[in-house]
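Pasting the structures here.
Shared between the two complexes below is chain A, which has chain B as its partner in the first and chain C in the second.
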Partner chain A sequence: MTAAGVMTAGKGAAPSRIFVPVLIFAPCLLVYLVFFVWPQLSLLAVSAFDRGQVSAAHYIRFFSDEYYWELLGRTLFLGVSVTLITLILGVPVAYVIARMRSRYAALLLVLTTFPLLVSAVVRSFGWMVLFFRDGVVSNLLLALGLIDQPMQLMYTLTGVIIALAQVLLPLMVLTLHGVFKSIDPDLEHAAMSLGAPPWLALWLVTLRLAPGGIIAGSLLVFSLAISAFATPALVGGARANVMATTIYEQTIELLDWPFASALSAILLVFVLLISLLYAKALDRRSAGEAAS
Partner chain B sequence: MGLDRVSRRQFVSGLAALGSLPLLPTGAAAAQDFAGRSLISSGFGGSTMDIIQKAVFDPFDKATGARSTQVPMQSAAALARLKSEAGNPQIDMYQFSGGQEDVAKKEGLIQPLTAVSQLDDIPVGLRDPDGSWVAWAVIAEGILYRKDKIKEPPRSYRDFLKPEYKGHIAFPAITNGYGVDFLVMLARAFGGGEDNIEPGFEAMKKIKGETIFKAASDLPSLFGQGDIWIIPYDSGNAFKLQTSGLPVGFATPEEGSPAVNITAVVAKGAKNADVANAAIDYMLRPEAQIEIARQMRWTASNPKTKLPADLAAEVPDVSQLAKLNRALINEQRAQWIERWNREIAR
Partner chain C sequence: MTIDPRSPFGLLLTAVCIVAFVYLILPILVVVVAPLGDTGYLAFPPQGFTLRWYAAALEDTRYLGGFLTSLRIGVIVALLSTVIGVMAAYGISRYAFPGKALAEALFLSPLILPTLVFAVALSLFFTRTGLLSGDSRLIMGHVIICTPYVIRATLPVLRRFDRTLEEAAQNLGASPLQSFFLILLPVVKTGIVAGCAMAFITSFDEVVLALFLASPGEPTLPVMIYSAVQLGFEPTVAAVSGLLVLLTCVFMVIYQLLGIARQE
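On to the complex of A and B.
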């Protein structure tokens, strides 16, 4: 409806040079304002009130309690660990698929993304079956002689990290694949013809040309990891609380909406901050290398 | 439809087993006509919701011409939904299992039941003195244990501290209603209670290293793959586990089985409040309550319900259940959760 209105308006008025882009953006902007900015702001507003008065009480409660600092720390640790694991596992997969000349390359890429078609809840349930003390992981490690007592990854932060890394790996591979694909293989060949062994060529040429993809993939995985709810709730249980599960608890179980919205605001600010710093650091490094 | 036929047949057999014909016309004469009307209620989800649909709502629809739908949500989420839609409810009727009706009444989110003819038959304590809510079923809590690992059925909540069960115990987090009740019953077992929770925390600290879970959906895995032998939960879930083939027994502790009320309320300003009232009245009928007892082992709240002998042996009577002071618990719950998160889950 909005789009149609905008189009007829554009036809009637003489389209000026500045007016056209504004008109093109208007529907998107409107939707964005109504369905994202406004709810976001009203959510933040809730956190600034305490019993009808403007107050910072909910923020003071958070920052003056080491329990919540620990919660925030655990959440960020979860995000960083998952990002590192997906990066380490994702780079080789994405690189190999991107450089593959076989006609099965496309099929492999589709297979990589296949887990995305299954909901995170279902995949987390799968991990639950594996993680219990009498489950596959514990029994396998016992049989291999790597552990001498049954162990349980269920309801631990380690379990959440492993499960989330698996849930988010396809996103990392997809992002990196696009970037590797766009880097000319001849550059690697040139490096090798000048005497670099393949691993050095990969390090000096390909990875140095891919910071954009690494930033994009890491940010995507990091922000999804620290805001993930289903996997920490199912696999982590009561002991591996993170910000997302605590926000749920405050909203649904305790009906303390102001504190819950303060938690969301704090999470949002930390994500933005870390993302900006990370992007800046990687950018500066690659810029510095290009200059030298 | 075929399903309707099954539930009708089960009803008839239930009545036959009952052998008391005078119960048949209960309320039948007062059947109202709600043709073309609809009723939306919250439901507990999963097989529980399906069983309630077939045992209560489907026959109610058939008798009155209404169309009832249940929307799955857990009690806490249901209360949050009721609160967020205050004044303009999209859901007419709510079902709670965690004492949320108290909060809902206090916050003025529900309206008194005006047309539930059997309300006065329900004992005090299972209905609000002001008629704001009524318990249409009661769940007995107790101790679930693996019969093949624990030969002697557990007798008391103190058994959770037995050294021979170490490493094989699981209990629900305090955000789960059964988790709160476990804490209170531990306190009672060690000389405290709702007004003195200290002994409960003391006892729970001794088993804080054991498995803690959040949702009933973890129960089959805990007993099946988790190497867990003993969990405080309820008779309804014990029955579900037994039906799925796990060797799980249910023991009534000597401190008593805490009772969980399954309540029904009508949202304030509900568009179909009259239909909701009639549906709640239907839920209180003995024939509906027998069906619920048969399929889920939930205790009937209407004393006029006479269970057939085979069922009566497996479902505790409402008079055998220990009543917890829910108002007192609800008051302190937020504080207990804060403390629990720091002292037990960490």
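On to the complex of A and C.
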């Protein structure tokens, strides 16, 4: 229908300068306004009403109950832990791929992207099999002497952190890879020929030149970690509740939509703040690239 | 590589990389391999060898139904997102107007905003307004979260596109529409195919919106797996997940081969 609209506009002798751009944008903008902006705005409205009256009751309920403070704290802890793990593993992987010969690098990038294409439900299922009772992970840690009795990871926050970091690691690697790739390896050569040991060269040159990329990757992983649902729900269950699983519980199981809306609004505000920082980080990164 | 792989630091880097890739691949491998075990419960590494669970998964008509539902929704979503996404990306790359940066940020924001919050909002919205019904509710939800992938894949290609080619075609008498379809589309096809494929796989895999919006009688495959996994570890569910992983492998290989064919 919209495509036909564009066609008739194209056939006009001299399509107006305003008319064509408007027609090209209209379908996407309309879909987003009706099915994305409007629902989320009305969600905010629902959260601010109690029995037909404007009220902060749902927010007061959240912020006056220690349980929900703990929930918020646990969610943020999950976000920070997942971000740290993906950074510790992601920086070396992204760096090695960026400095590798192109054929192998392409293969490793495919291997990194592949998990992203597998549903988070399926990946969490894999972790459940690994975590259950005498799962491989627990046996491996026992064999390595890191723990002295079988470890229960299923239905724990630690389990959720391990599984979620795996789900989000590819995004960290792909973000960092782009940044490291844009840094000239000659700078590291120079640092090393001036006597810097390799680790120092990596730190001084690559990491110091890429703060925007590292911040962007971290904020992306953090905001997706605090709002992830499938992995915490499957691996953590009711015993490792986070914001997302609580919102789901309030809607589908308890049918308390206004309170769920307030919880959603709080989560949304957190993610929006992070996205603003993210946009700033990306801006600084592109400014840095332009300067170099 | 600038760092000697045989130096202690190089070895450390290599070791971290190996750990990272094992960590990335292991849970996926488990899902494929565990249902091959002959024990009747899921274990990794599996003991014995049987194709019984894979056969059961293929014969189970409920899972086949879920697969077909996901496939149908994925295809419709991919086509819709590609049409509106390519149009929006074309508009962003071509025209300057006030509020353009805002529009671009809006179109890309579903990549970072919580899908669960969006699902709650959309669910409330559909209940209150009574708009749409059946599959089309989930389809519209998926179109919103899949369009950003199309825009992200096509925008760089469109920005690199040499606009003088189009002007040349129009000077030679092509209408703007002809030059769009005959000159621009073939050049940016790679980006469009990549975006369309990403949109399809994202919709096919998605579970949160599907939990809220899928028609109760026709759950998508990820929703079926999600519900089954919560009830218990049936080897058939693992086999279904394993088949899904293998299918994703095939999808990826075809996609890579197409990419290589295009480059040559």
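Quick note on the criterion: the second predicted complex is superposed on the first by the 230 of 292 C-alpha atoms of A that agree within 3 Å, B and C clash if a C-alpha of one lies under 4 Å from a C-alpha of the other, contacts with A are read in each partner's own complex, and residues count from 1 in each chain.
Going forward, a residue touches a chain if its C-beta (ideal position, glycine included) is under 8 Å from a C-beta of that chain, and two chains touch if they have at least 3 such contacts.
Here the structure is a predicted model, which is why all the values come from computation and not from measurement.
Contact with chain C, but none with chain B, is seen for A:T112 once the two complexes are overlaid on the shared chain. By the touch criterion defined above, A:L207 lies against neither chain B nor chain C after alignment on the C-alpha atoms of chain A. When the two complexes are overlaid on their common chain A, residue A:P198 makes contact with chain C while staying clear of chain B. Number of chain A residues touched is higher for C, counting chain B against chain C.
By the touch criterion stated above, A:L141 is placed in contact with neither chain B nor chain C. Contacts of A:A163 after superposition on the shared chain: chain C is touched, whereas chain B is not. In the superposition on chain A, A:W38 makes contact with chain C only, while chain B stays out of contact range. Contacts of A:L282 after superposition on the shared chain: neither chain B nor chain C is touched.
Contacts of A:H189 after superposition on the shared chain: chain C is touched, whereas chain B is not. Contact with neither chain B nor chain C is seen for A:L87 once the two complexes are overlaid on the shared chain. Shared contact residues of chain A with chain B and chain C: 128-129, 132, 135, 251-252.
Partner chain B is touched in their complex by these residues of chain A: 67, 128-129, 132-135, 150, 152, 154-155, 233, 237-239, 241, 249, 251-256.
Of all the residues in chain B, the ones that touch chain A in their complex are 76-77, 79-80, 83, 103, 173, 175, 211-214, 218, 221-222, 224-227, 333-334, 337, 341-342, 345-346.
Within the complex, the chain A residues that touch chain C are 2-3, 6-7, 10-11, 15, 20-21, 24-25, 27-29, 31-32, 35-40, 42-43, 46, 88-90, 92-93, 95-96, 99-100, 108, 110-115, 117-130, 132, 135-136, 163, 166, 169-170, 185, 188-189, 192, 197-199, 201-202, 220, 223-224, 227, 229-230, 234, 244, 247-248, 251-252, 257, 260-261, 264-265, 267-268, 271-272, 274-275, 278-279. The touching residues of chain C, when paired with chain A in their complex, are 1-4, 7, 9-10, 13-14, 16-17, 19-21, 23-31, 34, 42-45, 83-85, 87-88, 90-91, 94-95, 97, 103, 105-107, 109-110, 112-118, 120-125, 128, 140-141, 143-144, 147, 175-177, 180, 201, 204-208, 211-212, 222, 225-226, 229-230, 233, 237-238, 241, 244-245, 248-249, 251-252, 256.
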